[in-house]
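The following pair of complexes shares a single chain, chain A, combined with chain B in the former and chain C in the latter.
For the complex of A and B:
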């Protein structure tokens, strides 16, 4: 009976685990990671985005499901003393720019218009797949924005800005077009909480690095490179994510605790009122990783063979062997109408006649008939 | 005379052949200073291709050549390079018969030489000086970088220049029929040579010793004859063009295009910038103003220069190539070829240094500012237009300088070389 009880308890636990395992409704994961500022002194924004990219990729989201938008190229910037690297920790401990980084929108392509078009899917038909967010209604999307922002806006490329209302409307468009199942929005800018104030679509969860009226601060400068390498919030977010692995059960409540005010100086904020599940039941890997639902079974399964056995020939009499020919499978001549061979254009005969008659007339008028006898 | 001319021809052919075969040919044929929508070779090929596909070449805004050009190029499109190399030599023919000019002038002076003060003899040109003028004209045209660029780009401007040159040749030879026909052909190609009707008429009147007096019937008689030849051949040529393609499509495509300037690609002319920023309701007015500007100078210049029709032809051609709607450097090269014919005016030119510096600098700056504007993105259209303005200013200054020099020489011929005011001190001439 002890064993029975244990067995029942075991199955019960398994059942809840299994129930929990299937409680999220998503089947695929997407990530849109955007760095909105250019120039060398905004190195840290690129490093922020690349560290989230690295975590997301490590946890299983493939490049085909990541839209990475970097407004400037730090790795190959002329001022980078260590070319082809972007470091996130000082003393160059961690290079987040490996040799497999795939940037989808680079440089001047990172604009408000392109960002909104990626989100809503309204891209011209010539856009390649790598630049599209091909999510469906079973996709969990992680959106990470970093750069310079203010109360209600985020600055793109030092020349334009996106407002929180535009962002909220874009997410509403995505909801109406069923482009996401659940969406996690993380923003690391000054006064970042203002960007998620206006959201009104369901299944959105948002995190920001600072409240309205506060600035998000950068973490450490590296004296060899000469600029600040990361922002505080993303630095601690990266440290947190380094502990996460695809099977980890860490949930969103742990994410909300990342970078408290003692470490970050600014107060991180979050918004969960639009989200239908309890944040405690939402796994980190639901958004940051691409954990596939795999069902393991120990039973054998018979696959029915689609190939039919050959028909037995009956009789042993003389079998007429027909000469084998290829069937004309595609009667080309009937399908494609032959285009008539193009005839070159020729000037009409009347024209040629008229023109040369006139030329001859003028010639003889000028030079007189007496020259004719020299010709003939 | 024959040997240097042959040498010159060989040099010119060599330069053009070398450039045709090099990679520069493609580069040059896309430069906007050298080709315009009216005479680009690329458009000719496109038009002929359209014709081969059974579509009218004038459909769409691609092809703006006249039907006779279609006829010409239909048979020679594979030998286009040869056609374009041969056409400058027609201008060359003109130079060989500029000698007739001096013959004529000598005749005139012989009649009036007793009227000239003695100290003017140094102003008259001796036959020895004038012997080399045809060679110089040929050299100025064939070796002019503008002509070479225009030829290598296979712009049909070279053919238009050839027709105008043939027209001048026939006028100077004295054949009214041929001159009328060639003028009609030149007008048919681009409308602006219409203004050359007046100087040609004046030349023939002078040659036939008919005084230009509006009351004399002999004047009207000849004018009507010449006008009849001109208008008649124009009508015949237009009718022939209609029969080539069977439609009147070419009239809006060619002449409508020249007059209404719909294509505002930058070139070395004055139209594009102005009309790029023009409001629609002013456009018609300013089109009229700009086009009248070309034709406007004909009557006053003809009145002033009625004794000197050859110089009038030069002035008219210069005015056409400055003020036409789509000028290219080929048009500039045409009147520049004439400059050695007026080399005796050199002592009276006042701005020759400034003009040559301006023209050289602008020619050098055109590609630079184009690159800066279009490719580097660090300039804008104002820079290019500034150089266009300066180039045209230089041209206008050149033309007006020659005009001044010509008139001053005429004045000296009648009043003596060293002018004295009433009280005996030295006087200076001012052009008012």
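For the complex of A and C:
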């Protein structure tokens, strides 16, 4: 009986492990990382976004599944004493810009309209794939926003705002179009908790760096660069994420404990009532990483026949015998004697003059010749 | 006894390590052979391995001819035959030219060329097997029926007076010009989709190119590739002077190279060094070229060029000593295995006896080339030979200056542009073109594309040379249409020898609608560079023959006649302030108006409608009782 009990316990443990393995229900991961501030003194917002980008890439999400939006260029800004770098720690320890970054929306393209179009998928047909969020109903999406915000809004590029209601409606559109399986929303701005107050779609989990009425503070300035390098919340979030590796079992409860008030001065908040699973059973890598589940099969699959080779150009040799030439780069004689372009049609010369003469003659014919002497 | 044993073991270790070191080089070469074998898809690896005992150099030589030589010798199955047909048709060459400049800076120009013997339009079947040519660009070419594509991203401005002429010029920001095939019916639609697709490929905001900044030059941009018909309705040109270039543009550019950034010259492309420079420009040029000397059929050429000028003070701390490690923070260890030729050229024309600077390592290979109207001598380092890398298996070129270089020869053609005037209403654009040739006059074609919000007054256009009026022999002007089309002005001006020509035109600044302002409107609005194209008389006879062995940097522009060479000079872009409204104005106005209305209107209303009534004082108790009784009786009340 001892052995029986042990055996039952063992299988129970295995089943919960297996259950956890299949509990998340997602097959692919996407990330939308947005920095909404412009100007050199908002360096820290770009550094925030790039730190999350770096962690997400490190944990496995490829560039094709990341939509990175940076509202201004800090790395190659003329004020940057070290071009092509964006540092996140003081004393320039960590270059989060890296060597193979791919920014999808940059500069003036980061607007409220483009952000909402990316989320809802309503983009013009000529938009390239790298700028689209091609998620389906089994995608887990991570959305990270940072910038300057207030109670109920987030500022984009110092000229327009997005309100919490618009964001909630966008997420509802995504839910109705089945564009996500689960969504994790992180925001690092002042009064960030106001942005997730209005969410009403299922399977949403939200984290914010500060409550309503509180300001999110920046971490530390760097005297060489001259600006603050990062915000406190994202600094501690980056420290936490550097410990995470693709096989780690850290769950969301650990993420909620990042940056308590003693470190962050503001109180980070989170919202899990719309989320169906228990946060303790949600792995960090469910959203930040791209852990593939592999199914092993023993069936053989027949590959299709190879590509047809292109037809040899044996026949075309007869047709073109004359040699091709390069074009003259500045054919002066040709340019001077170029035929004038098709201009708009104008009536022939003197036509207007003749028309007015005719009108005057008809006028004087009708009303009598005696009026002529008033003119001459 | 123990010390004796230690000593013996030390000796053994020393002998072992000295044996190991040279053999490590061989191991590297064997690794190269192996990768080379893997590239050629054939089933004869066994053949090559048995020959491994032959001197490594011979093997390498045989290897570095196009790999299809071995492939042809195979008598494999049908599959390898089909791969033969496709694999033999493209080849890749890479080269780096290092030119020390008179100001102490150094100019490095990378060129990577892929030549593919295929015709996208003639082959009725879809091209599906891409080997060296990148698939993303191939699909773009066939989908949009592109005949020629030139795109460049530049950070910084090329200073012609200090640095001379670049091999491949480019304006600051992004520039894109495309020749479409004459089978295209809707050129504007294709152009719009092409810009969107390219913005995705290069991670740039090229989708801001639309009809408000696209022009159709009528004479300036002739095709650089093969072709007969030059109907300018199929040409589109646009620049984005505001476009930033950073690592995110370099990353996809590097991914287009066959060796990526893993082998060959492209390992030197480190973004932290490349962007910490005075000038950085990366470009992609695609055009049809002659396949061979008879020029009976076309081949596609993809050239990726990267020009960078390293500043003496920021990159070298003021010391006139340059090396590959100092410039790129890396040395070279091998050539790209997929390249048929991989060379470094160092310009030593100013250093014939070695009195100006010293070049290490010394190489016996020298080459002369006529480029930009001048005969220059180059030291050549062939990376496909193993002995270039020496004992340490790495190549680090070192240039150490010994003496001071004299003055630079003034470039023959130079142009400047600036905005004159004051205030936010009107202004004047001045373009100054210098002809520094002592006795020859030559014509130049000036192309100006000005956005619609600077309304040009063309009746104020003046062209003066040597303080006399100079009438252009050809003027093409297309006026702007508000919010639809920019101004296009093209003029063919004859420049007298040793003179300065000034072109001035006045303009008025428009007031934009408030939604059309950028988020930072007080920065100003950019006007793209002017393009000056000219055939400059050359001091040395140019080479008009097309040969395959010409170095890449001298064979970019096709040469038609010996006495002159074609050059394009870009002027500075302009930064113009438009009258900008105060965007906090509506908020302030509302606050002020509401306050005034509340205070002023409230008082005014009271003044008009308020009436005053005398209030009766309250009566004492006995009078109130008396009033009560009187009211019951129906008798008039007391006061």
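By definition in this document, the second predicted complex is superposed on the first by the 282 of 376 C-alpha atoms of A that agree within 3 Å, B and C clash if a C-alpha of one lies under 4 Å from a C-alpha of the other, contacts with A are read in each partner's own complex, and residues count from 1 in each chain.
Keep this in mind: contacts are C-beta pairs under 8 Å (C-beta built on N, C-alpha and C of every residue); 3 or more make two chains touch, one makes a residue touch a chain.
What you see is a predicted model, and the numbers here were worked out from it, not measured in a lab.
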In the superposed arrangement, which partner chain does A:158 touch: chain B (first), chain C (second), both, or neither?
-> second
Please indicate which partner A:83 is in contact with in the superposed arrangement: first for chain B, second for chain C, both, or neither.
-> second
Figure out whether A:129 sits in contact with chain B (first) or chain C (second), or with both, or with neither.
-> second
Partner chain in contact with A:38 - chain B first, chain C second, else both or neither = second
Per the overlay, which chain contacts more chain A residues, chain B or chain C?
-> C
Quick one: classify A:101 as touching chain B (first), chain C (second), both or neither.
-> second
Given the touch rule stated above, what does A:109 touch, chain B (first), chain C (second), both, or neither?
-> second
Which parts of chain A are touched by chain B and by chain C alike?
-> none
Counting only contacts in the complex, chain C reaches chain A at residues 79, 81-82, 85-86, 118, 122-125, 127-129, 155, 192-193, 196-197, 199-201, 203-205, 207-208, 218-219, 222-228, 230, 242, 244-248, 251-252, 270-272, 274-276, 290, 294-298, 443, 445, 473-474, 476, 492, 518-520, 533-535, 557-558, 560, 566, 583
Chain B residues within the chain A interface of the complex = 48, 51-54, 70-71, 74, 175, 177-178, 181, 236, 240, 243-244, 246
Interfacial residue positions of chain A with respect to chain B in the complex = 342, 344-348, 350-351, 354-355, 358, 362, 365-366
As the complex stands, chain A meets chain C at residues 38-39, 73, 75-76, 82-85, 97-109, 124, 126-131, 157-159, 306-313, 316-317, 320-332, 335-336, 338, 341
